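Two complexes follow with chain A in common, the first pairing it with chain B and the second with chain C.
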Partner chain A sequence: MKEFKFDTLVIGGGSAGMAAALEVSRRGFTVAVAERENSMGGILNQCIHNGFGLHHFKEELSGPAYAEKFIDMVETSNIEVFIDMTVMDIEETGDLKYAYGLSKLTGMIKFCVKTVVFANGCRERNRGSIGTPGTRPSGVFTAGLAQRLVNMEGYIPGKECVIVGSGDIGLIMARRMTWVGAKVKAVIEIQSYPAGLTRNIVQCLNDFDIPLYLSHVVGEIHGKDRVESIDVIPLKKGIEQKDKTFNIKCDSLLLAVGLVPDNELIQKIGISINPETNGPIVDRQLMTAKNGIFACGNVLHVHDLVDFVTEESERCGRYVSNYLDKKIPAEQFRSIPGQNVKYLVPNYYSPINENKFYLRTMVVKNRAELIVKVNDKEILRKKLKHIQPSEMISFSIPGGTVDCISECRDNTLEVHIV
Partner chain B sequence: MKKDMVCISCPMGCRITAEWENENDITVTGNKCPRGIVYGREEILSPKRVVTATININSSWLGRLPVMTTGTIPKGMIDSLLNKIYKMHLDVPIVRDDIIIKDIENTGIDLIATRSVKT
Partner chain C sequence: MKEKIFDIAIIGAGVVGASIARKLSSYNLKIALLEKECDVSFGVSKANSGIIHGGFHHGSEYLKSKLEVQGNRMFDQLEQELHFPFRRCGIIVVAFSFEEMKTVEHLFMNGIANKVVGIEMCNRRRILALEPKLNTDVIGGLYAPAGGIIEPYRFVFSLVESALKNGVELFTEFKVVSAEKNDHAFKIFSESGAVVDSKWVVNASGLFADEISNIFKAEKFKITPRKGEEFLLDRNSAARTDHVIFPVPDSVSKGILVIPTVEGTTMLGPTAIPQDSKEDVSTSSLNLDMVFSSARKIVPSISQRDIITSFTGLRPALESGDFYIDISEKQAHFIQVAGIQSPGLTAVPAIAEYVKDLLKKDGLVLTEKSSYDPEIDKLPRMRTLHPEEADALIKTNPAFGEIVCRCESVSEAEIVAAVRHGHTTLDGIKFYTRAQMGRCQGGFCTDRIIKIIQRETGLSYEEITKRGKNSWLIKDRIGDLKVNSYRGIQ
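Here is the complex of A and B:
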C-alpha cells in the first residue's frame, strides 16, 4: 500500500474543501484533497443556474463557474488532489492520523497526516425519509439526482412530473424541467408557507403557471412499473383531510425534501453529532471532539448559500493552520441555542477572540431581534428585518466584548430570537 | 393601473408596487435599491429573465456544457433561444466565458459557456 505524508488531508473537493485547502496551503503547509468524483467542484457542478457568488465575488455566476474559479486557484497551488478517491477509514496514533483512501486509479492509499478536515458535504433525504406510501415503481427521484441527470449527463428523468418540497432545489428543478420540455404539474409543500426564496417562487413557478399546493402531502404513489399518478391530500391544522384527496397524473416524482450532513465516517470514528444539525459538535475553531479533526461546509450544517460555505471554510483553514503552528487556543465555554433558535454553530466560544456564529431560527417573523447573553448579561442585540427557518442567520461577537466571565458561573453563551 | 410584485433582481426579494396611468410613466414604490425601479418597469413593459441551460458536447467525460446569458432577455425570446440551444452540438475544447451565441436577436446579450471543458 502506498503511503503519503501531508500536514493536512481535506476530505471532499467541493466549495468547502477547496476553500479550506487553499487557506492551509497559503500558510505554507502541505495539503492533500481527496475527491470522490472525477472532478472537483462538488454539488456546484450540477447547479447550472445563476445566483452564485454575489457575496464572495460580487458578480452573478453559475455554480460551475463559481467552482471553476476555485479549481483554477487549487491547480496553481501546491495542493495535491486525489481524484476518484473515497476515504474509507481514519485511525489515530498519538498526534498522527492515518486515513485510508480507495481509488480505482491507484488502489488503496494510506495518508499519514497531522490534521483532517471533513468537507464532504451532505446527502438528500429520500422517499424513505418521508415515508410515502404506495407502490415502488421507477420514476421517483430525489431532486438533486434529477438535476445531475439533466444538467450533467443529459438525461430527462420524466415528461410529466410533480415536485415534492418547495425549497430552492425543488423550485429550481421546476424551472429546469420546464425548460427542457417537461410539464411540471404541481409543487407540493407540507408547510403552510413556501420554504424557498420568494424570487424563486416568482421566476420558477409563477412564470410558468405551475401550481404550488401549500399544506398538502403526497398520500400515495400509484403505478406498477412506472409512476402513473399520485394522490395528494390537503392538511388542515396538520391533519390529513382524506375526503378531499385528489389525484394528479404524472410519470415522475421529484423529491426535494431536505438535506442531511454526510456524517457516516465522522460517526464511525467516534465523533459526537449535534442532533439538531446532524453534523459534528465543534468548538470555536471548528475542531471536532477529536484533536486535529475539523469540519466545515455542508457536513457541519447545511448552508443556503455557497458564499457562506466559502467564508466558513476559509476560516476553518486558518484554524487548521493555527493548530499546525501549535498555537494554544484560548479558554472556551459552551454556546447554546436559546428561545426560537433551532441550532447554533459552533458549539463553543472564546471570550478573548472574535466569534462568528451561524444559526437557524424556528419561526417566521418580521422585525425580530437577536439577543446574546452570557451569565444573564446581554452582550449583543441585533435587529433582523425578516427571519424564517429556511434563511440562515449569521453574526459575530468581536473579541473582548464578553466581559462578565466568572469563575463561579458556567459562562455559557445563549442566543435568543424574540 | 396597479400591480404588486416581488423584485427578483437579488435574493432580498423586495415587495414592490408599480402604478401607472400610461406605460410611459410607471412609478415604482417599495424598492430598497435602484434595481427595483428598473425591474418594476420592465416587468410591466417587457418582462426579462436570465436564461441558463446546457448544450450537447462531445467531451470524453461530461455530457452537457452549462451555458448562461450575460444578462436578461425578453421572456418571449426564451423558447426560441432554448430550441436553438438544444439543436447545437459543440466540440471541445471550450473555455469558460467563451461566447456560444453572440448578440441574441439584437439584444446585445451573449450566451456564454460557464465551465471549461478541455477534453
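Here is the complex of A and C:
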C-alpha cells in the first residue's frame, strides 16, 4: 500500500474542494485533492444552464464554465489531484490523520496528513425520504439523476413527466425536459409558494405553459412495471383534501425534493451532526469537533448558489492555513438560532474577530428584520426586504462589535428574525 | 430429434425452489428450475424480513415448527458453503405487561417443546442488559440466542449459483400456463411458447401455488396473499439494535419487529394485511404511522428522519396456517410445497431435505453425484475489507478500485460479477451487490450501472430494465423526440 504525506487532504474536487485547496496551496502548504469522479468539477459538470458566477466572477456562466475557471487554477498550482479516488476511512493518531482512499489507478493509498477538509457535497432526497406511497415501478428518478442522464449521457428518461418540487433544480429540469421534446405535465409543490427563484418560474415554467400546482402532494404512484400515472391531492391549510384527488397520466416522475449533506464518512469517524443541517457542527474556523478536520460547501449545509460555496470554502482554506501555521484561535462562544431561524452556520463565534454567518429562516415574510443578541444585548439589526426558507441569508459581525462579554454569562450569540 | 426429458421440474426460483434445486443437484438427476420473472428471487423472497427464526412462535403440532428448528441448525454449514451474509445475532421478545409476560412464557414453552437450544426467560434487568436501547418500561421477555438474520435474496442467489454449478438448468421468463401428461412425463408450456418435459414436478410457486396446482389438475386450495410493509432505516440510525426485537405476537402475526439487518441498516415491519391481489405490492401512507408508533414503543429512539425506503412483500398464506408439503393425491409425480410463509426462510434447508425424502418415497431413484461440489466461489466485498486486503485485491483486478455505489461502497468488479452471474437488470444488480440500496437509492450510480450492463452484455439502453417486462428505463436519446414550440423556444 502506497503512502503519501501532505499538509492537507481535501475530500471532493467540486466547487468547495477546489476553492479550499487553492487557498491552502497559495499559503505554501502541500495539498492533495481526492475526487471520486474521473474529473474535477463535481455537480457543476451536469449543470449546463446559465446563472452561475454572478457574485463571484460578476458574469453569468454555465456550471461547467464556472468549474473550468477553478480547474484551470488547480492545474497550474502545486495541488496534487487524485481522480477516481474514493476515501473509505480516516484514522487519527495524535495530531496526524490517516485517510485511506482507493482508485483503480493507484490501489489503496494511505494519506498521512495534518488536516482534512470535507468538501464532498450533498445528495438528493428521494422517494424514501418523502415516503411517497404506491407501487414501485421503473420511471421514478431524482431530478439530479435525470439531469445527468440528459446532459451527460444524452438519454431522455421519459416522454411524459411530472416533476415533484418547485426548487430551482425542479424548475430547470422542467425546462430541460421540454427542450429535448418531453411533455412536462405538471410541477407539484407541497408549499403554498414556489421554492425556486422567480426568474426560474418565468423562464422555466411560464414560457413553456407548464402548470405549477402549489399546495399539492403526490398521493400515490400507479403502474406495475413502469410509472403509468400519479394521484395528486390538493392541500387546504396543510390538510389533504382526498375527495379532490385527481390523476395525471405520465411515464416518469422526477423528484426534486431537496438535498442533504453527504455526511456518511463524517458520522462514521464520530463527528457530531447538526440535526437541522445534517452537516457537522463547526466552530468559527469551520473546524469540526475533531481537531484539524474541517468542512465547507454543501457537506456543511446545502447552499443556494455556488458563489456562496466558493466564498465559504476559500475562507475555510484560510482557516486551515492558520491552523497549519499553528495560530492559536481566539476564544469562542456558541452561536444559536433564535426566533424563526432554522439553522445558523457556524455554531461558534469569536468576539474579537469578524464572524460570517449563513442561515435559513423558517418563515416567508416581506420587510423582516434580523436581530443579533449576546447576553440579551442587541449587537446588530439588519433590514431584509423579503425572506423565505429556500433563500439562504448571510451577514457578518465585524470584529470587536460584541462588547458585552461577561464572565458570569454564557455569552451565547442568538440570531432572531422578526 | 428426441427432446430432453428432465427428472424434475421445479416451478418457482424463490428461496424454496432454489433450496430444493440445490439439494437435488447433489444426486444424479436432470433438474429444471422454472421462473416466471426475469431473475431469481424476484417474488416473495426478495421482500422477506431476512430473519432466521428461533423456533418458539408455534407449537410442536405444526410441521412448520419442526422444519423451522431443523432448518435453523443448518445455516452455519450453508453459510460456509455459500457465503451469504448471515449472523446469529439472537432474537428478543419484549413484554410490557403481566398479560404479555404470560404469552412470553407460552412462547418459551413452545421453544422447549420444539427442543430449541439456549432459549431463556429474562427479567427486566437481564433484558435491558442484553439490549440497552429498549424502552425502559419493558418488564421482561424471552431471549433466543440461536435466532439470526440473513440477506434473503443473496441466500437465493447463492443457492441458485450452487445449483447451476452442479448441473441444474435455469429457465427464466418461463411462466407456466398449461401442462399435459403423457406416458410418464409432464409437458410444461410457458406463456411465450417454450416447453419443458419432466417426469416429476415440484410446485414451489409461492403466491401462485394454488394456480399451478390447478394447471396440473392437482389439489384445490387457496393462497391468500398477506401484505407486509417494511421500512428501511439508514446505516447511521442511532436506533439500530444488537438483536432482532419482537413484540408479543397476536393471533394473526408476529407483530412489528425491529430488525438490525445483516448489512448494517435497520428494518421496521412487517405489517400483516390480507388482500386478494397477488400483484399489489404498493405501499401506503397509513401504515407508516402505525409501524413507527409500534416500533417506537419497543425502541424509543427510532426516528422517521432515518427512513431510506419502504417496500412491500406478500406472504403466501394458506388457511391452515401451516406449510403444505406433500405428494399430491390427485396427480401422480406432483409434489406440493405450498403455504411457505414465515418461518419459511428459516425452514427451507429442512424443507429441501423433506421434499427429497418425499420424492424418494414417490419412487424417484436417488444416487449421490460424485462430482457434487457444495461450495461456490466467495466474491470479495470492498466494504468489508481492510485497507491492505483491498490494496492487494485491486492489484489483481483494478475494477475493485472503482467504487460505483458510494453509499454501500460497491466496486465495479462486484457489479461485473453480478452481470456475469446473469443478473442483468437494475434490481438484480441491486439485490446481488447492494448497489442502489443505500441512502441515495441509486441517485448517483444508476447511470454508471447502466453503462456497465451495456458494456458487459451488449444490450442497448432501450433493453435495460429495472426488473424485466415493461420496466424500461430509457427509450429515447436527445434528438429522437419532436420538440414542440413554446414561447421559451425561439
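Rule of thumb we're sticking to: the second predicted complex is superposed on the first by the 418 of 418 C-alpha atoms of A that agree within 3 Å, B and C clash if a C-alpha of one lies under 4 Å from a C-alpha of the other, contacts with A are read in each partner's own complex, and residues count from 1 in each chain.
Here is the rule we go by: a contact is a pair of C-beta atoms (placed from the backbone, for glycine too) under 8 Å apart; a residue touches a chain by one contact, two chains touch by 3 or more.
None of these values were measured; they are calculated from a predicted model.
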A:Arg199 in the overlay: touching chain B, chain C, both, or neither? Say first, second, both or neither.
first
Of the two partner chains, chain B (first) and chain C (second), which one does A:Gly94 touch, if any: first, second, both, or neither?
neither
Give one of first, second, both or neither to describe whether A:Pro64 is in contact with chain B, with chain C, with both, or with none.
first
Of the partners chain B and chain C, which touch A:Gly238 in the superposed model: first, second, both, neither?
neither
Just checking: does A:Trp179 make contact with chain B only, chain C only, both, or neither of them? Give me first, second, both or neither.
both
Considering only the touch criterion stated at the top, classify A:Gly154 as touching first (chain B), second (chain C), both, or neither.
both
Quick one: classify A:Leu54 as touching chain B (first), chain C (second), both or neither.
first
Applying the document's definition of touch, where does A:Asp207 land relative to chain B and chain C: first, second, both, or neither?
both
Per residue count on chain A, the busier partner among chain B and chain C is C
So the chain A residues that chain B and chain C both touch are 150, 152-154, 179, 203, 207
In the complex with chain A, residue positions of chain B that touch it
5-8, 10-11, 13, 49-54, 56, 61-64, 66, 68, 75, 78, 82, 96, 114-116
In the complex, chain A touches chain B at residues 38-39, 45, 48-51, 54, 60-65, 68, 150-154, 179, 197-199, 201-203, 207, 305
Of all residues in chain A, those that touch chain C in their complex:
1, 36, 84, 86, 88-89, 100, 102-108, 110, 123-124, 126-129, 131, 133-139, 141-142, 144-145, 148-150, 152-157, 159, 175, 178-183, 203-204, 206-209, 220-221, 224-226, 262, 264, 267-268, 275
Chain A partner contacts - residues on chain C that touch it in the complex:
232, 235-236, 279-285, 288, 304-305, 307-312, 382, 387-388, 390-391, 394-395, 398-403, 406-407, 409, 412, 426, 439-444, 446-447, 461, 465-478, 480-484, 486-489
